[in-house]
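Each in structure tokens, the structures are laid out below.
One chain, chain A, links the two complexes that follow: it is found with chain B in the first and with chain C in the second.
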Partner chain A sequence: MKIVVDQVKCQNHGLCAISAPANFALDTDGKLQYHESFNEENIDDIEDAVDSCPLQAITLSRDAA
Partner chain B sequence: MTVDGPVVGVVGTGIAGLQSANAVLERNPDARIVIFGDETHRTYNRPGLTKKRYQLLTSGTTITDELKVDGAASDSATWRLGTRVESADLYNKVLQLRTGETFDYDSLVIATGVRPRISAEDARECAIHMHKTLRDLDDAHHIHRDLRTGTELTIVGSGFVACELASLATEYGCAVAMLEARRRGPFERVLGERIATALGRWMTRNGVTFLTGDSARDRLCNGDSSAHSEPSSDRSLLVEAIGSVPNVEWLHGNGLDLSDGVRVDEHMRVPECADVYAAGDVARYPDPWTAESLTRREFWKNAIDTGDLAGRSLASSLGCGSKISHIRYFPLMSTEVFGLRIQIAGNPKAATSMEVVRGDLDRLDHGVVVTFSKEDLLVGVAYLDKGARLNSIYIDLVKTLKAHRR
Partner chain C sequence: MARQPTTSYLDITGEHFRMNSEEVRKARTTHWYARTEWGIAVLTYEDSSFLLKHPQLTQGSAKWPAQHGVVGGRFDTWWQKTLLVLEGDEHNRIRRLVNPAFSARQIEPMHDRFRSLADELIDDWIDHGQTEFASGFAAPYATRILCMMLGIAEHDWKKIHELAATIGLGLGVTIKQNIASIDDAVVELTRYARSLVQSRRESPRNDVLSTLVATRDADAGKLSDEELVNLVILLIFAGIDTTRNQLALSIESFSKQPDQWEKLAADPDRYATKAVEEALRVNPIGRWISREAAETFQHRERTIEKGSTVHLFTLISATDPAEFGNPDRIDLEVERSPHFAFGGGIHHCLGHFVARADIGVALSAMATRITDLRIGEGAEWLPDSGNTGAVTLPITFAQRH
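Up next, the complex of A and B:
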């Protein structure tokens, strides 16, 4: 599984960075940076990030990374 | 007709209704779920209605496509769109539909949300303005279409919808006036007077005619002009964004506490009625944050979390799924107004004091972090910035907040 962020939808609100700080962060310009792959132990945080996004821009893809 | 599994009625097609349906189906695939909604659209991303400008609205469909929500396309539930539920007999477990039909259920989820408050029922049309509110996708279609023509826009109110709409309208090239007759500025009820005043200045700096107090009252439209002349075709747009009203009228007569939405317990159960649950904007639940008080919240994540919990509790009552859990919603919200990102965590409303821990309220765009405390305990944080320079400070404070929560 990997994290996919729709960059057209993303407005850099950063709620994902609070829900799942291990995988999402805002850089100094306020733009989202994230890792596509993640550790299985963070899955709850990442699902929380997916739900939190006010633009619903984050999805989890089951395709092998 | 043979009925295989329990029949679950969900009233409301918003994210709370969808989330509860999905949570039930995940645990009880035999459940027969029927989702009723006034709107003709399946679940869409409601925050997206005001958060961005949509380029291609010629056919009126693009915005709908852009706001699709994962899981809403699934046909494992039956969707009764454009079908209003008129009333409910919660003791005999029957819904009365506007079509004249009745619907018998075993379990029910109330997810009817809220509608915009309007200043006067009869002030809907006048000669000068097109009066609108912005809550659903059809409203958004109308408003975005008007904004694209560069119409003059008057917004009554200065909450989240009002501020996002002002920002959006300016992007579309419209002249915007905001009228806030009761407060000093945006989000005053949540963030207090000092920040509200600073945000009012931010609106002005970005070209909005931001009026408060008497000067706002003088420009409010009460719709009287309709008595004197015929509405002309080139009226400017007036959007009322002055809060919302829970949609509970259809539940009258069942002895529920409907004083501000539908009161539920920490599992989203309606205490007066077995097998009835409520979720989303309409649900008033025990605040996990402030002991012994009830809260009702109108945010996307709240609707997701309470919808999911209502569905899990319902499935559990049918003997499916594991132990039921309590509401754990952590309040976290974010908006962007003229490039200024405003993030709020926790419950600043409960605070008795605030402190600007970084930055200067006269220079919001340089980044400001504010903490809110009650009796020395941190209860909320707000972060306003163009960019994310102070993001790490904010995230650290949010972590502290989360840790304080039991």
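Up next, the complex of A and C:
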């Protein structure tokens, strides 16, 4: 599974970075940076990040290698 | 040396300030910001979008009571510890714990109950062809939904509503003259919140409050008693007053555009979401969002000094012709850029999924049941502020058959 962020929808609010700081962060310009792949032990945090995105711009894709 | 731009001065301190005025629109055509008594006001969409999430700007509302000479009382003490004004690790820790309780997934199953409540309230006055919308719908609807979510007995709604409305005055420009009753309301709600938390700890139910109490008990980074009580007060205050006011503003906006009201009525499943977004865009309760500079930084030609306040003018940025076509009109067919009625950055409104859902259900219920919606004589509005809305909103209409 990998994390997919819809860059058109994303408004860089940063709530995902609060929920799952191991996978999402805002850089010094306030732009979202994230890792597509993640450690399975962080799945709860990542699901919280998906839920908490105000734009609902984050999805988890099962197609990833 | 670069020529200094001409910026307007807007007096936002008075009861007569109207964001939706020619004066403010004219200021927007002149420059990206205007000067005010409390720091600059950002007027354009592009600059609002950028500055709303700027890493050097923190939530600026901590200073709000002090700006009005209100320091150290019950309201101010509570206010300084609310999620709304907390910053840094303390904010992030609480926000992380409470976010899941307010997800779209949690709210979705409640839609049917929202609709039943809306219909029940409309039934009370639909045969009369007129009602006072603020007390006949907006207040009981917003309050009883909050009661539903927290698991408070809905028959207590009037008391809860009164307390929430009183605390809501704390965000108005008249805070100083109302502070004694605002302080009393905080004391009373604190007592109420304590008893609620205690009762859910003893016997959990299937409500948001029980989820929050369980979060406290199960998580290593648990919420303290004090944090839970502060949060419950915030939810009661922010969850009721905002929705109540936004409902009235939404009805006012739609009354001016019967074509769009009819469109919503014809296919609410398709248009309800857009109806909410458009109403929030053109007529938001929060006329401005406050931010404070954590460090001095440069934006365009303007140096924004550390400690200074930046107001982001929501209505005026969300009707900026540089970003939106035909910006002042509600248009349910057009894809619009996101507005900032729910604020932004990490302080983005916690309850926005709830608000979007319950306002959408309310507008759908109203539109499918009444037509020829008009604002009657004697509407009274709160001054423009961080939380404006209707004191009274008489409406007339015809029943839809």
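The definition used in the following text is that the second predicted complex is superposed on the first by the 64 of 65 C-alpha atoms of A that agree within 3 Å, B and C clash if a C-alpha of one lies under 4 Å from a C-alpha of the other, contacts with A are read in each partner's own complex, and residues count from 1 in each chain.
As a convention for this text, contacts are C-beta pairs under 8 Å (C-beta built on N, C-alpha and C of every residue); 3 or more make two chains touch, one makes a residue touch a chain.
Owing to the predicted nature of the structure, the values given are computational and were not obtained by experimental measurement.
Chemist: For A:E41, select first, second, both or neither according to whether it touches chain B, chain C, the two together, or no partner.
Modeler: neither
Chemist: Mind telling me which of the two, chain B or chain C, contacts the most residues of chain A?
Modeler: B
Chemist: Applying the document's definition of touch, where does A:T59 land relative to chain B and chain C: first, second, both, or neither?
Modeler: first
Chemist: Just to be sure I follow: which residues of chain A are touched by chain B in one complex and then by chain C in the other one?
Modeler: 11-15, 17-19, 26, 28-30, 51-52, 54-56
Chemist: Could you list, by residue number, the parts of chain B that touch chain A in their complex?
Modeler: Touch residues, chain B against chain A: 45, 47-48, 51-52, 66, 69-70, 300-301, 304-305, 332, 334, 336, 341, 343, 345, 385-389, 391, 395, 398.
Chemist: For chain A, which residues are in contact with chain C within the complex?
Modeler: 11-15, 17-19, 26, 28-30, 48, 51-52, 54-56
Chemist: How about chain A: which of its residues touch chain B in the complex?
Modeler: Of all residues in chain A, those touching chain B are 9, 11-15, 17-19, 21, 25-31, 51-52, 54-56, 59.
Chemist: In the complex formed with chain A, which residues of chain C make contact?
Modeler: 49, 53-55, 92, 95-96, 99-100, 103-105, 338, 342, 344-346, 348-349, 352
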